[in-house]
Amino acid sequence: MIALLLILTPLVAGFCSFAMKQGSTAKNFSLLVSIVTLAIALLAIGSPAGGSFDTAWLTDLGSRFTLKMDGMGKMLCLLTAVSYPLIFAAVYKSDYKNPGSFFGLMLLTQAGLMGVFLAADALLFYFFWELALIPVYFLCSLWGGEKRIAVTFKFFVYTFIGSLLMLVGILYVYFHTADHSFAMQSFYKAQLSDHQQSYMFWLFFVAFAIKMPIFPLHTWQPDAYEQAPTATTMVLSGVMVKMGVFAVFRWLLPIFPNAASSNSMIIIILSVTGMLYASLIAIKQDDIKRMIAYSSIAHIGLMCAAMFTNNKAAFDGVMIQMFNHGVNVIGLWIIADLIEKQLGTRKLSDLGGLAQKAPALAILLVIMALANVALPLTNAFIGEFLMFSGLFQYNMFIAAIAGISIILAAVYTLNMVQKVIYGNLNAVTENATDISFNVKLVLVIIALVIIVFGVFPQPMIDLTKTSVEALFVKK
Amino acid sequence: MPIQYYIYFCLALFSIGIIGVLTRRNAIIVFMCIELMLNAVNLLLVAFSKMHYGAALAANPNTTAGIDGQLFVFFIMVVAAAEVSVGLAIIVMMYRNTHSVDINFLNRLKN
Amino acid sequence: MNKIVFLVPLFPLLGFLINGLGRKSLSKSAIGIIGSGVILLSFLTSCYLFSIVASAGEGQLQTVVTLFNFISVDAFTIPFAFQVDQLSVLFLLIITGIGFLIHLYSSAYMKEEETQHFGRYFAYLNLFVFSMLLLVMGANYVIMFIGWEGVGLCSYLLIGYWFKNNDFNYAAKKAFIMNRIGDLGFLLAVFWLLFKLGTVNYGDVFSQVASLSTFDIAAITTLLFIGAMGKSAQIPLYTWLPDAMAGPTPVSALIHAATMVTAGIYMIARSNILFTMAPTTQTLIAIIGLATAIFAATIALKQNDIKKVLAYSTVSQLGYMFLGLGVGSYTGAVFHVMTHAFFKALLFLGAGSVIHAMHHEQDIRKMGNLKKYMPITHITFLLACLAIAGIPPFSGFFSKDEILAAAFTKNPLYYYIGVGGALMTAFYMFRLYALTFLGKFRGTHDQEHHLHESPSAMTIPLIVLAVLSVFGGFIGIPEVFAENKNWLEHFLSPIFAESTKLVTTEHLSHSQEYMMMGIVTVLIAVVIFIAVSKFKKYAGEQEEVETGVGKLLENKWYIDELYNSIVVNPINAFAGFCKNFIEKSGIDGAVNGVGKLVSYSSRQLRLIQSGQVASYLLIMILSIVVFFIIWFNDITIMKFLNKLF
Amino acid sequence: MNAIIFSAIMGVVMMFSGILLQKKSAVTTTAIVSLLLLLSMNLLDSYSVFSINVNTHGLLHFNKFGLFFNSILIAATLIFAVLCGSEIEKTGVNVADYYALIFFVLCGTSILTSFNGLLMLFLGIEIMSIPLYILTGAEKRNLKSNEASLKYFLMGAFSTGLLLMGIALIYGATGSFALKVSTTMAASAGVLSTSFLQIAGLILLFVSMCFKVSAAPFHFWTPDVYDGAPSVFTSFMATVVKAAGFFAFLNLFESNSAILGPSWKILLSFVIVATLLVGNITAVFQQSIKRMLAYSSISQAGFMLFALYSNNDMAKEGILLYAVAYCLATIGFFAILIKVKDYTFDGFNGLAKTQPVMAFTGVVFLMSLAGIPLTAGFFAKYYMLASVVKSGGSLWIVVVAVLFAAVSVYYYFKVIQSMYFKEGTPEVAAISPNFKTGLLLVAAAVILVGVLPSIVLNWFYF
Amino acid sequence: MSIIQILFSFLTVLALFGAIMVLVSKNPVHSVLWLITVFFAISGHYILLNAQFLAIVNLIVYAGAIMVLFLFVIMLMNLNAESEPRKHLWMKFAGVISGGCFLMVLVSLIRQTVELTGKTVLMKEGNIGLIKNLGKALFSDYVVPFELSSVLFLSAMVGAVVIGKKD
């Protein structure tokens, strides 16, 4: 029941929010709702059963409305639940036209995301997968930047193609389940020959790869991140890309274990190529948002590579990295948004010297940046360490090459830090002021998360232990 | 008479109708060619009807096999008559508005 | 002991937090007191720990203390544990001791900074010490790695302390990235260990070394050494260290003497058993170390920035330490770390004092005759120079001698080259000394007017360090002078016990050793004399235009330029190529191309819809014909389709 | 039989209502009432409560599936009449006659949902088509309407010729016009020895049915006719008529496809891919939304053809659902389109600002057409794809379909973009609150079917 | 060669020639007249096949009513030979080629149809084509389509009125 509440709360609230004309009402309401959702999520994590929900729906089709909350689901629900209050608080001072609709759509997105992470039925999963996309489409197209319509559309079509291919895959697997059911467990037991698996594997993987995104299917992402309203960008990069990662764990690896292992090399090479490639491009970016976008691609690339190593440590790493990357990147976006809002530019070359005008911002940015380069004792380190260790056991050379991205990450991140906060003030940054209280609060919370989970990661690891156990395929 | 003769003949007639439809520009002539096609079909149906009748006759002298073919022809004629009335009405309407029955000028709607 | 161990890093951490958070509300003196005080407390705790370790008998010492499980996954568990044994406790003393002196010095040196930045500075310093303590105390490679990266971070923060200056920021970034390259090697080594042994705890690793193949060990040690290269500024990753002079001078002292650069030596000494079992790596280390020692020394010969000279001397001395490690003289290396810490800290603090007095003038060509104005600085600096030059009985002599002696037994060539480096060291140090303190003052009148001796908070550390530089060498007196009096070797023997068992070292005969010492000492003395006499007269009236080798050296062998042209620029160009071409025209172009293709084909396809009834019907008839043809050939088409899909 | 009889009677009634009733709206009301009556008659028939039984000598065969499908068509017509009734009134003076013709079309569709022989198929198609030629040309002064009417007529008559030739050839081979006989004969004779004559006939039959459902490459009439016809009637043609055509197609080839052997699937996949290609790709470049919808209806036909391709129970359920989803969404969207003066994409700019209800429901309809989940269109497409997957093999064609579905998103969402993301002041005819309510109800139905598709299907099994 | 064969050949040639003349006549009126010739030839075929009812209906409905309707319309529009511009040559060519292909494909198909060999059409004889028999069948087995065709006529009538009536 708790699981259902996690979806229903934002869903209902989202529809309510549409009716709110007053900006502040909508803001307060949605912030409140998101906090309530967080509370529910914490409750769900606390409850040992985890909270499952099951009711008849589309029984003719062999599908049921089944929600299941295992460790992995908990982790991502937590991420979703945590990020929304942070995002709402961070944009508390921003003004949106039609605020009711804006926050309503945001909440609907949250409902979709929760659904994706909780669904234990393939068809239901597919629904939520798509439903999470629709509000985002409107959010980006209505409140985005100049090129929003074309860019958002590219993003939409791209992901839509992916999900349709996945639908074909789902259908195929469905007809190969013993009991003709979309239930997760039936899917796991589906009888597929290696040959069939390898076809289906790619149908699924393309969908997930587009979402993550994996090189070379990533080009929608920087544009979309750049053009989307920042609150949405935060959701996109913080939570939505995790849909792909999550889905690989939940739907790809258990259903097609053989195909996953036989194709792992290709995917890992692709991912690692993507990591380096994205890092290189990030070095050359002058636009702070695009830089963060490419850095995100690089990080996700590592996660994707780690997922195909069939290594428990790597799986653990991916699990906690899903959460940590989500939180960290939201922090970075908040700062990027702040800079853009306040100074009217996203160009790194226009900035400089903010440390003098905004010391608090500077410190927090440095912390976020350090998390971005996965410095030890930040939360990102744990994940990356485990993932790299898994990747290393899969193939040393690939791990070594992938490791270069650690260096490149340092290059572009420090480059950004330097250009934003260090150096002398210029005409653009002269009138900058330090961050407002709400943003500071959010960023401090994120910074605390970064450090606390960097020093004590074990609870997070334990949360997903059983999920990892289940994923691991004994050779 | 071997059935092939009829088939070839009717197909030839049918094809001439098709060619007429494809090559003429006057809507009325095109329509006439369509009528030609229908007539080819009619004759073919009657021929087949007699073929089946002939085959069945050997077994049963009172058979009515093949009668449905001729009835079908009857219905085709009925429909053709109805079609003609509507078709000519449409052509006339067209002519009233454009003073032409040239189907090549039917290109306001394209692409 | 358990709880006390944690106090050592806890104090600096607390200091960091208090100073960091309270930098706006606390007064400067409070910041200074807190900043230095926590290190002092740490030092005292370290002393206590030292006393325990020193008094504990063999096998009695329970060295590993676990705080909590840092990462525990199925395959392995990494405890957040500290290891207190002879080696780490020695380093603790160096770090906290010298660290304290530097903090104390800083509180005076940085007085002019705004309170807020003063607080920030001390916070960084505390964090630096904290990281270094983690590095040293960690009971496994991961904890060491935390500190390892932590010091990299702190160096980044401190080098870029004056963040308004973009050159400094570049230097800071360079330091961090260069370190990262090394860190990657370190990290890979850790993964390798985890892969092969499933553990990174020192105790477990060292006891299971035998189960590793030779290749594994060679690879692991090489990777670890790459890590050490980055941190300890060895060829080819040394260029960040001279640039790190951008930070405040006490920071340089901290980096060069007590923390950071010694990390590599510590790590290799810690993993001595691994390295001993990998002779190839050892050779590599020795060669790299020696090469660095010489290479850096040559560059130092022609530098005019007081801190740059010292920086290259550090690189050079680190080279010696690696030479020591490479030839298996771990004790010698650690010994040199210690003595080097004393005199290099002294040199830097002395230089800081000079710079302070000269109002941030660092060019030695514009100094001179400072002995008149700054007697304490002068004397202590001279003592440090003598120590680094290796004049007996100053500390540097003993440590350097131990390394060189060990190198000789390994390969005499090492020794000869090493001595060459030592001679250069003597030369450039005394060139520095002469130009700075002797001769006549070449600065502006304004500067001359303000010349003064530094305040006591700065001179006391100088004096303390001078004492240590002079007498510090006696803890490791070589056997030639006193049988079995080498306290250090004895003290550290449990650490290197396994390694010592593995290799049988031949000892030089005493007479040979005496002779070598004698010759070297004389040579050094001669070099010192030449240097002093030459540069005492330096007037600096005309700019010398260097040619040939001189120019090469002055420009540091153009190594930075070389790196730029073979590494940085190609990567940059390639990244640009990726961004502007592959991404835009290639991948995104392909994606958009699909869209364009669709709309293009849409434009073309709609032309079929010509509006002509006849052409519509024509296509219909042709399609029917095609259908019939398809039907005739269905078998062939099926085969084709089956092949296709 | 109820539906056939009553639709004919209602047609006559409507003819007279034009004479008896002065107000046009009264005619519409009569039509709506008549449709309700017709619907209830058909429903009564399908639950065997009240049915007029005439001995058709095996020419017609009434089964649950056909009757239920017919109910859907009648219900769709009802919705059409309710939403677009006022527009029919505006099309011309002969409102009553238009309704009469619509009823005659329904008579034709009723025959098509119950035919059991090629004769009734032929008659049904003709009864359905001839009123449509008229309706297409209903705007007599509009040259486009004239042109569309003539084109439709000429091409329709031509395809009738092909159909008849096909029937004749089949008759020659089998000696019967019945659907069943030909199968049994084929079965007894074995597939290999199937007469070439019959195959030629079936191919011609296939072609003419493809023409009726506007499958490529026999689709050419569709864009021109849909574009030229008065929008109200386009809406009717594109939904009810096309769905009926599909039912007939399905019924016709349910058993006969086996005769064609392996080439059947090749031919069909050729047609499907061509239809999807032409429909989707050409729609991309259209400037007029009406014409875009015409092409989109071709692409939807491509999806519906999957029912033939898989030819199993799921396909039957699917075609039912598809008919519901497609009719609801298309009628709904056309109702919106008609109200907007300018049919170009730019004409829709900013509709969300001025007419939020229309814009919102429009989004729902478009999403349903695009097949976004939780709209009826999703399950329609889902069933189609699933039935093919279920039938095994040929996954490639599903993948192709899916890729084209992604293309379809492009032009459907272009409308959404115009309505929501672009600035403009669209000219919109006066909107009554009832119309809005109607739209909302239809949109609600679209979503309801999207959430619980079994609503439709359970009725079928009930 | 029997008389039937001679008649068959004559009628066939006449029909084909007439059909071609329909196509090539420039004057629509001539086309109509040639078409009537074709219809007569086909009616002759019906008589040969002893399908008397159809022969009569064909003459009355087609040749009589429908073609007259055509003629009226053509006269009404005052169309003559010059009123129809020539089609593009290539279009003609393509039309003829594709029509020919269609014919060829079908003919080749028929030629391969094994079971048709030896099948003959019963000429002259057989009484199914008589009005009595057809009528019986029409009003018993085929009464439903017969009635339904009234709907067709009704709609055609309504249509003609709707289209033809002046507003």
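Should a chain be cited, it is by its letter among A, B, C, D and E, assigned in written order, with residues numbered from 1 in that chain.
Throughout what follows, a contact is a pair of C-beta atoms (placed from the backbone, for glycine too) under 8 Å apart; a residue touches a chain by one contact, two chains touch by 3 or more.
Note that this is a predicted model, so its numbers are computed, not measured.
> Within the chain touch network, how many edges lie on the shortest path between subunit D and subunit E?
Tracing touching chains, the least step count from subunit D to subunit E comes to 1.
> Name, by label, each chain that touches both members of the pair subunit A and subunit E.
Output, common partners of subunit A and subunit E: C, D.
> Going by the touch criterion stated earlier, list every chain that contacts subunit A and also contacts subunit B.
Output, common partners of subunit A and subunit B: C, D.
> Please name the chain that ends up farthest from subunit B once chain centres are defined by their CA atoms averaged.
C
> Report which of B-C and A-D is connected by more C-beta pairs in contact.
Between the two chain pairs, A-D has more contacting C-beta pairs.
> Rounded to a whole Å, what is the gap between the Cα centroids of subunit A and subunit C?
So the centre of subunit A lies 36 Å away from the centre of subunit C.
> So, what's the distance in Å between the C-alpha centres of subunit D and subunit C?
Measuring from centre to centre gives 77 Å for this pair.
> Calculate how many whole Å lie between the centre of subunit B and the centre of subunit D, each centre taken as the average of the chain's C-alpha atoms.
Averaging C-alpha atoms per chain gives centres 27 Å apart.
> Give, as an integer number of Å, the spacing between the C-alpha centres of subunit E and subunit B.
Between these chains, centre-to-centre, one finds 5 Å.
> Among the residues of subunit D, pick out those that touch two or more other chains and give their numbers.
In subunit D, residues 119, 123, 126, 130, 133-134, 137, 140-141, 151, 154, 158, 199-200, 223-224, 395, 410 touch at least two other chains, as defined above.
> In subunit A, which residues are in touch with two or more of the other chains?
none
> Send over the residues of subunit C in touch with two or more other chains.
606, 609, 611, 613-614, 617-618, 621, 624, 628
> Among line, ring, star, complete and other, which one matches the pattern of chain touches?
Contact pattern: none of line, ring, star or complete.
> I'd like to see which chains touch which, written out pair by pair.
Result of the pairwise touch check is A-C, A-D, B-C, B-D, B-E, C-D, C-E, D-E.
> State the interface residues of subunit C toward subunit B in the complex, per the touch definition above.
So the residues of subunit C in touch with subunit B come to 606-607, 609-614, 617-618, 621.
> Which of the residues in subunit E end up touching subunit C in this complex?
87, 91, 94-95, 98-99, 101-102, 105-106, 109
> What residues of subunit D sit close enough to touch subunit A in their complex?
Subunit D residues touching subunit A: 367, 372-374, 382, 385-386, 389-390, 392, 395, 398-399, 402-403, 405-406, 409-410, 413, 417, 420-422, 452-454, 457.
> Help me check something: in the complex, which residues belonging to subunit E touch subunit B?
The contact residues of subunit E facing subunit B are 4-5, 8, 12, 15-16, 19-20, 22-23, 28, 31-32, 35, 38-39, 42, 45-46, 49-51, 53-54, 57-58, 61-62, 65-66, 69-70, 73-74, 76-77, 79, 83-85, 87, 91-92, 94-96, 98-100, 102-103, 106-107, 110, 116, 118-123, 126, 128-129, 133-134, 137-138, 142, 145, 149, 152-153, 155-157, 159-160, 163-164.
> Quick check: in the complex, which residue numbers of subunit C touch subunit A?
Against subunit A, subunit C makes touches at 68-76, 116, 142, 145-146, 148-150, 153, 156, 160, 163-164, 166, 169-170, 173, 176-177, 180-181, 183-184, 187-188, 190-192, 194-195, 571-572, 574-576, 578-580, 582-583, 587-588, 590-592, 595.
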